[in-house]
Structures are given as structure tokens and as C-alpha cells.
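Following this line, the structures themselves.
Two complexes follow with chain A in common, the first pairing it with chain B and the second with chain C.
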Partner chain A sequence: MALESTGRHRYRKVKANVMVGLTVVALVLALIPLGAVLYLIASKGLAALSWDFLTTLPQAPMAGEGGGGVRNAIVGTVWVVVIASGFSIPIGVLAGIYLNEFGDNRLGQAVRFTTEVLSGLPSIIAGVVVYSIVVVAMGDVTAFAGGVALSLLAIPWITVATQDALDLVPQANRDASLALGVSRTETILFVVLPSAFGGVITGTMLAVARVAGETAPLIWTVGFSKFAFHGPFSQTATLSILIYNYATSPYEAWHQVAWGAAVLLVGLILVTNVVARTLWALRRRKMEGRG
Partner chain B sequence: MSGTTESTSNRGLVANSRRTRLWSRAFRGLTALAGLVILGIMVVILAALFVRAMPAIEAFGANFLWTTKWNSGGQFGAAPFIAGTLLSSAMALLLSVPVSIGIAILLTQYADGAIREVLVFAVELVAGIPSVIYGLWGLLFFSPIVDTYVVPAINASPLGALPIFGEQAYSYNILLASLVLALMVTPIISSFSRESLVRVPREQRDAGIALGLTRWEVITGVVIPYARAGIISAIILGLGRAIGETMAVTMLIGNKPVLTFDFFEPGATMSSLLANEFNQSSNVLHNSALFEVGLVLFLVAFVVNSIARLIIQRISHEGSR
Partner chain C sequence: MSETTAEEQSEERKQPPSKADTAPMSANETVTAEGWRPDPAEVKVSVRDLSVYYNGDQALRSIDMDIPEQSVTALIGPSGCGKSTFLRSLNRMNDEIDAARIEGSVALDGQEIYDEDVDIVELRRRVGMVFQQPNPFPKSIADNILYAPSKHGDVSTGLIDRLLGRASPQEADALVERSLKAAALWDEVNDRLDDSAMGLSGGQQQRLCIARALAIDPEVILMDEPASALDPVATSKIEDLIADLAEEYTVVIVTHNMQQAARISDQTAVFLTGGELVEYGDTDQIFENPQSQRVEDYITGKFG
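Moving on to the complex of A and B:
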């Protein structure tokens, strides 16, 4: 009987090995282009970087000496992201606290549902809506309007991250604190939040990093500018829009500038990601070690 | 301790607890207010899109969804963009789903230790690269490769006979956008699939192996059926991302507002239209039609994401039982 089944058995074993091979092929198929993305950004981008690149303004490609620098876009990106964080971090963290600690009711259900819907909002919609309200009211595209548009995306992300982090805090911690006669609010502020702090910070950093690379919401809200940053209430350059505009231009010099801006933007996002995730991993290891 | 000090400290406690209660209520109110802001954002988004879309809704009614003329003779129909969104997303999923699930299987069932941790980390990092970067890469590096290698290869193969691949290949076309979209959703689908594969209990796998199944048979017969709902929701979440994706598509698809089913032709999607034309026109009806496209895009994304969330909710309910 063992002999009868050998052929079939061998077929099954071969098939198992072939399929494992195919999953490796799948990984390689994905890694080659994704690796090519990173490699090109690093090689072309780093080649474009220099002190002048960081500290001068863009210039017309006709000038015969490259496309200039991206100082205004760096400053603009920082401003837009800071404005977006100013709106989205307080609202997102508080709403996350509400959902996890007080949200066992009708309002909580409605907010939870809305947060989930908004976290899948196509990013261009955020730009279109903020254009039709903020930009139309102010009469011009501004860094402020761009920050508002980005905050529409970041608020649900931060809310979900905060709620997830609070959800990980053991109920026993809350009960112990309440049993000592500590009020609900103080329990949340001094017991729950401190132990969820790492998770909240990680989630917030990831959301802010993601928003820093968003482009679509800024096209109609921030626009672009070749001039130095002129305050949060005027038209502003950002790295992401600069990459969009210069990559789609026909000038080789501007393509170089776009690669340089890309390495700055991706570097910023990847470093934030690595720091946030490492913090989180360390913290989890510590917590598991204690448990 | 004398009686007087005791009563003062009691009074202090009462005042203290009243103050605490006030604080508690204020804090709770503040968090509820943040929740209300989120509801408000949703209302404002829907109202802004709907109000601005009204003139177009009144002018074209339901015909807007299936007529193909865009900005010609005062006519506006969204069919080219709806088709463009569906075609590019469908092709992206077709290419990405097998690869993503293969990666998820490899990472959960075969790779272990340091290799797995590094790969998981890499996949999550790659998911953080902004879409404009994929656009830049697609435009300046990948597009010539597609022109010189991919398009001739398709034409030479039996696939070239399919009606979805025509004669003339433009540099910027639906195929290029779909390929880059596939690349962008792969980290998302594979990391969500991985999460549901990880949750398959060890005992289930061991039982399969004890029955004498090969590892691959355990995967197809035990692991994948167990994680099926999670994998499906991962695919739908990837679809939602592909539908809403704007920058890479805008930079690569060619932005031609014409209905086509030929992947070698330039096309346009709902989001690429908004990225390109929005704000460019003083024509009231044109503007309004753009807002209506935004409304349709919002609703499509809403439906797709809701389906994924419903499936995920059902899984977590089953898990808690």
C-alpha cells in the first residue's frame, strides 16, 4: 500500500514545494519594483542634494544652472503639517478618549461609524471640500487652508489610533483606581492615559507622517509658489506639490529638483515611521516582559 | 485631633469632591465635543458636495452616471471617469491580489525569526511612501520600461489579442496607471491579509499536519478557509484605496476624458479629473458637474469601505464567541 501511494505522495510533495516557490516569486515580484522605487529616490535624490538645494529658492529651468533649491517648500511643508497637527491632534486624541471611555451610547456609535467612514475618505475630496468653503471664503489658496484639508484626513486616523491604544489598557487598572475612590476623569488622566501614552504617540506620529506626504488635498488649497514663505495666510510651496509640478514639467533640471525633494520627503516619513514603530515595539516588549 | 479640624477637613473634602465632579463633567463634555466635531466634519463634507453638485443634478439627473460626453455642448456625463476608476482599480487588484496573498502566506507560514521581522517591517514602511512619489517614479522611470518591454510583450503574447489591448500605445495610459496602482496596494493587501492569517490558531494547522497533509495542503485546506473573511476584507480595503488614489494615477493615466476600454489608451478616473480640472472653469455647470463627480466618488468609496468594515466586524464578533 505504501508503494501504491508513492507516486501520488511524490506529486503532493512536489506541488507543496512548487507552491512555496511561487510565494517566494510573489515576494520577489513585489520587492523588485518597490526596491527600485527606494533605490531611485536614494540615488537620484541624494545626487541632487546639497547645502544650496536646502537653502535657496526654486528658479526657472532656463537659467542654465539647474532648477534651484527647495527652501520655501521645506518651510511650507512644516507650516502646513504643524497647522494640520494643531487641529487634528487635540480633536483626534479627545475623540479617541470619548470613544473608548464614554462612548457606550448612541452618540458613541454614531461617532465610531463616522470615524470609520472618514478614515477611508478619498484624499482629493478633502481638498475639494476645503476649497469650496475655506478657500472661497478667504478668497485665495493658503497654507492655512491646506492645513485644514490635511486635518480632515488626520483626525479620524488619530482618533482610531488613540482608541486602539486606550483599549489595550487592562480594565483591572481602571477598576483598581476607581476602587480607591479616584474619580473617573482622574482615572483616565492619571492611570489610563499614562499607560496608553506610547501607543497614542506612535499612532499620532504615523498619522502626521502620512499627512506630510499627502498631495491631492493641497492642489486646490495651498497651490504652489516660487517665492519665499510669506506667512500662513498666503499661497505656499510644499514639497509634495513641488514634486507633482516639477515631475510633470518637461524640464530635466526640474526633474532633478523633484528627485531631491522626494528624498527629503521620503526620508522624513521613513525616519518618523521607524522611530514611531521602534518606540512601540520597545514598549510592547517591556509590557510583555512585565506580564 | 479636635472636632473642629475634623469638620473643616470634611468640608474641604465635600468642596473638593464637588469641584472634582465639575471637572469630570467638563472633561467628559470636552471629549464628547471632539466626537461631535467628527460628526460635523461628515455633515459639512456631504453638504458641501451635495449643495455644489445641485445644479448638475438638476440639469442631468441620473443620465449623468452613464452619458459619456464631458464638457461638450453644455453636456456633462461622468461615465468615462467612473469607467476609468473601475477599470484601473480592477486591473490593479487582478495583478496585486495573487502576489499579496502569496507574500502574506510566505510571511506567516514559512518565513520565521529575523527574516520575517525584517520583511514585515519593510512591507509596512513601503506602505508609508506617499503616492506622489510613486507618480514621480512611474513618470520618469517606469513609463519608458512599460513602453519598451511590457507593451511589446503583451502584444506578442496571446493576451494581445484581447479587445482590452488595442494597437496604438501611448506613453501615458490606463495600463501604466494600473501597474503602479497594483504596486501601491500590494503592501496594504498583504499586510491586512497577514494579520488575518496570523490569527489562525496553531492547533488548526497542527491538526492538518497530523492528518498527513503537506504544508501547502494545510494552507489551502485549513489556513485560508479559516482566514477567508479577513483576506476578503483586506482585498476590499485595497480596492477602496485604489478607487480613492489620486496623485500617481493623475500623473500616469494621461487624463483624457473619453470613455475607453482599451488599456493602451489614455483615460481618466474620478479622482484624476478632480485633481486636473477642478477650479479651472468659471462655467457654473462645469464646476457643479465636478462636485457631482466628487459626490459619486465619495459614495463609491463609502460603500466599498463599509462592506470591508462589516466583514471585519463580523469576524471580530465570531472571534469573541
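Moving on to the complex of A and C:
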């Protein structure tokens, strides 16, 4: 009997090849926007990058020697993100632990529902809310208020990521620990959390990277400043607001600064993503006994 | 229970002569309508009128059973007959299932384990458990052994202990060695105690789980089909190990495999569909001369 495919089998083979081809086309189409964004930002912005760009303050474009650097915006973004992390990581991780380990009750269901609603919160709303509470109370826009606004966005994402990571820990591991007479709390601390650690870290870093690029909540809460960072309780420059302000300004020199800042911001988010995913991969390999 | 079989069994178990003398003495043993009762002086676990429900479905129906100490008790029966549920009610692992509701009484050395003031942690230290799927922690072999003892404060290995100079590495090493030897695993892993337990074979992982359970020095060891995921060679090692363990511990084992139950157990309980304990008694008697037609049908493969 011949081994070549004939008749119905040949038709099935052709159909399979066509379907694989379609998925490849779809993949390419999905990657085009990503590639286009990265290419445009890199081609326009890389030229602006220099040591001075990172270490000097913005300057007025009238001076005739470019728009200056973005040191204050880099420092400001780091401060805002650190403040946001300080609020959102403990709250989000602990809420995620509660939901997954103790949340099978009415309070848990309420928290879960709230988390789902909040994770779809339009970011401008977070800005308005924090403006009307924190900014009005403090009397000024500050890096602190910006951090609070970003943490409103990050908390539900971190909560969900933590819960998902804990949910992946096999019941068999918990049973093993409980059956050895180890208490529920210790089981969570010493068996469940270490196993889920990689997932929690990755989810947290991705959430933080995501809020680091947010603009809308910061317009209302941190404002902008052309001057050096002045402490977390004063108006502060951030990369995303700087891009927004300078890109909409009429000066070509400031457009250049905005492109350069865009490269920095995308680079920051990219690096965070890669680091987070690498950490997770290493951790998982170690746990599975291949490391 | 016939005299000769009991002696043969004792020989197999390599029990001390005194044990062989007392074991077959049937003066205090009684066979009642409900089932066999061991000598009351030897009862380790006493179950009375135990019923378990999952969301209203009855998984166990009013079980009465006395489990003698330092012996192997096998629980057999078709899938869904409640034998695993029964096993899990002996160390209150059913408490972890929200839908489960337990009625009746289980006593360990005469003390009720379902009383309000019973500390589950303390209970599970005395009643250890080995699961169907080997479930070592994703830690090193040594850390798998030391995990529970260090949480119970039996050994000090943690960072804080080390900083305070309280750590006792020799004691910890000795415990690891003793536990692994008791589980017949020491010779295979003593050169790689710091390697991940996940790299062991399935049979080695299961013996590590047994070693881990022995490390907290329990009195009763519950085993839920410990060999069902293993190949014949690994299974035979586990069976040999169970026979050795029965010299010191009370072993209760759930198995699907009737030949296994016949090979390794001193007494056998047959559960049938619906969560009933249909027959309980000396293993040889159950397999050679079952009292009820249903058990005979099940054992001879006509049903189940």
C-alpha cells in the first residue's frame, strides 16, 4: 500500500495547512502595531538620549540650545511609583491572600466583587477621586497624591494576580502540610506563599509597570514642574505628564524631549516586564527540580 | 481467626515472640452481628456510629469499627464506597472540606477526637497521613523531612535559631537520617539530601512522604492508596515498608487492590457502595470465608 496521502486524507492535510497559515497571518497582524510603536518611538527618540538628557533639568526652548533634560521627571516618576507600590503591594497581596485562603464567605464575595469593579476603573476617575479627597485636603497637587491615585489602580490588579498565583498552588501541597499537623497559617506562610512567590512577584511587577506609564490620574494629582524634585509633598514632574505637556507644546525642541522621555518610559516598562518574567521562569525551574 | 494463619502472619511481620503469643489469643475477641472486635486492650482507634455527609449526600453510613494497635488494617471496596472519606475522618482532614458534615464518634486511645477542645494540630501529629499521589514539597529532600518538626519546635533549623545560636544541625541531621532509614530511602538518597525532592522518582517521592510523616513520630499512619500511582517494583518496596512499620505503628491503608490487601494486612474492612461497612475481620477470614454474599461477590470479582 502506498504511503502518500490520497483523497480525503489529502484534503484534510490541505485544510490543516491553510488553518496554520491563517494563524501565522493573524500573529503578524497582531505584531504590526507593537512593532510600529516601538520603531516610531525608537527612531524619533533615541537621538534625544544622552547623559545630559538624563542628568539636567528641562529648559525654555527660547534659549536656542534644545529643550534640556528630564532628570526631575525621572526622579518624580520613581518617587510616584515607589509611593504607589508602598500602598498597593501590601494591600493588594494581603487582600489576594485573604480572598484565596479565607475568602469563602460573604465578606470575601464582597471584596471579590469590589476588586472586579475596581480593576476596570477608568484611570481618570482614580485621578478625580484622589483630587477631591487627597489634593483638596492637602491644598496642592503632590507626588504623594499621585502615588495614591496610581495605587487605586494597582491594588485590584495585584489582588487578582496574587489570588490567581495562590490558586495555582496544588491542594495536595496544602493537604500534605495540614496532615503533618502544621497549622493553617503556617501552611500558608511556609508552603503556599513560597510556591506562589514567583507568580505574586510577576503580577505585582507587571501591575507596577502598568501604572508607571499612566498619565490621566496624574494630571489631577501631581501636576507638573520644570524644577528639580522638591520632596514628595510638592508639585512634581513625571515622565508621562512631561510627554503630554511637551508633545502638545508648539516648540520643536520640546517635541524632541517628549520623544526621548517616551523611549525612557517604554524602556522602563519593557525592562520591568523582562525582569519579572525572567524571575518567574527561574523560580519555576528551581521549584520543578531542574535548577 | 485460625491459630496457624496468625502465626504465619506473625512470622512474616518478624514480630517478637511475645507479640505472636498474644496476637492469636481470641479469648477477648468477639465476632458480633455488626462485625469483628479486637481485644479491647489493643484498640487504638475506636469508631462509633460515624456518618459523613457531603452537601446532604451521605458518604458513610453509621460506621462502627475498632482498629487494633501495631497492625495493618486494610480498607477495601469499589470506587465511591466511602473508604477514603472514612480514612480522612480519622485525622479530621474532612474538616478542610467545607461541604463535609460529620456525625458520630472517633476515639484515639479512648479520647474523642471530634470534641470542641481537641487541637487538630496535636491530633495530626499523632495521626499521620500519606496520600495517593506522592506530594513532596518543592524543597530539598532534607527540608521535606525537617519542615513539620521545625514548625512543631522539635528541631531548630531556622535563620532566627541560627542567629541566636540555638540551631542544632546535628540533631536535625540525625532526624533526617533516622526518618529516611525508617522509610527505606536513606541508601538511595544520602548523597543528595540537599537536592530538590521533585527530582526523585515516583516511588522514592512516596517513600519520602512516608519518611516525612514518620519524622513527627506519629502513633497512627493513614495511607490513602499509597501505591496506586507506582510501578510494581516501587509498589513492592512500599508494601515491605508497610509490614515493617506495623511493628511500631498502627497502619490503616485504603487500597483498590485486593491482592495487596490480602498480602499486607492483618484485618480487612470491606466497604460497599452507599458508604456501608459490610464486613470487617481477620484478613484471611474475609478473603477465604466471607460472611456475606455481597462481600464474596465483590472479592471474587462478580461485582464492583
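We take it that the second predicted complex is superposed on the first by the 243 of 291 C-alpha atoms of A that agree within 3 Å, B and C clash if a C-alpha of one lies under 4 Å from a C-alpha of the other, contacts with A are read in each partner's own complex, and residues count from 1 in each chain.
Here, contacts are C-beta pairs under 8 Å (C-beta built on N, C-alpha and C of every residue); 3 or more make two chains touch, one makes a residue touch a chain.
Keep in mind it's a predicted model, so treat the numbers as computed, not measured.
By the touch criterion stated above, A:M62 is placed in contact with neither chain B nor chain C. By the document's definition of touching, of the two partners only chain C reaches A:L178; chain B does not.
Shared-chain residue A:T215: touches chain B; no touch with chain C.
More chain A residues lie in contact with B than with the other chain of the pair chain B and chain C.
By the touch criterion defined above, A:A137 reaches neither chain B nor chain C.
In the superposed model, A:D104 makes contact with chain C only, not with chain B.
Legend: residue contacts after superposition of the two complexes on their common chain; A:V191 is shown touching chain C, with no touch to chain B.
Comparing which residues of chain A touch chain B with which touch chain C, the overlap comprises 183, 186.
Chain contact summary for the complex, chain B toward chain A: residues 20-21, 23-24, 27-28, 30-39, 41-42, 44-45, 48-49, 52, 98-103, 105-106, 110, 119, 121, 124-126, 128-137, 139-142, 183, 186-187, 190, 214-217, 219, 237, 240, 243-247, 250-251, 271, 274-275, 278-279, 290-291, 294, 297-298, 301-302, 304-306, 309. Interface residues of chain C, counted against chain A in their complex, comprise 91, 93, 96, 98, 120-125, 128-129, 131, 133, 135-138, 147-148, 151-152, 195-199, 209, 212-213, 216.
Those residues of chain A that touch chain B in the shared complex are 12-13, 15-16, 19-20, 22-27, 29-30, 33-34, 36-38, 40-41, 90-95, 97-99, 101-103, 107-108, 110-111, 114-118, 120-125, 127-129, 131-133, 152, 155-156, 159, 183-186, 188-189, 206, 209-210, 213-216, 219-220, 240, 243-244, 247-248, 255, 258-259, 262, 265-266, 269-270, 273-274, 277. Every residue of chain A that touches chain C in the complex is listed here, in rising order: 104, 170, 172-183, 186, 190-191, 194-195, 286-291.
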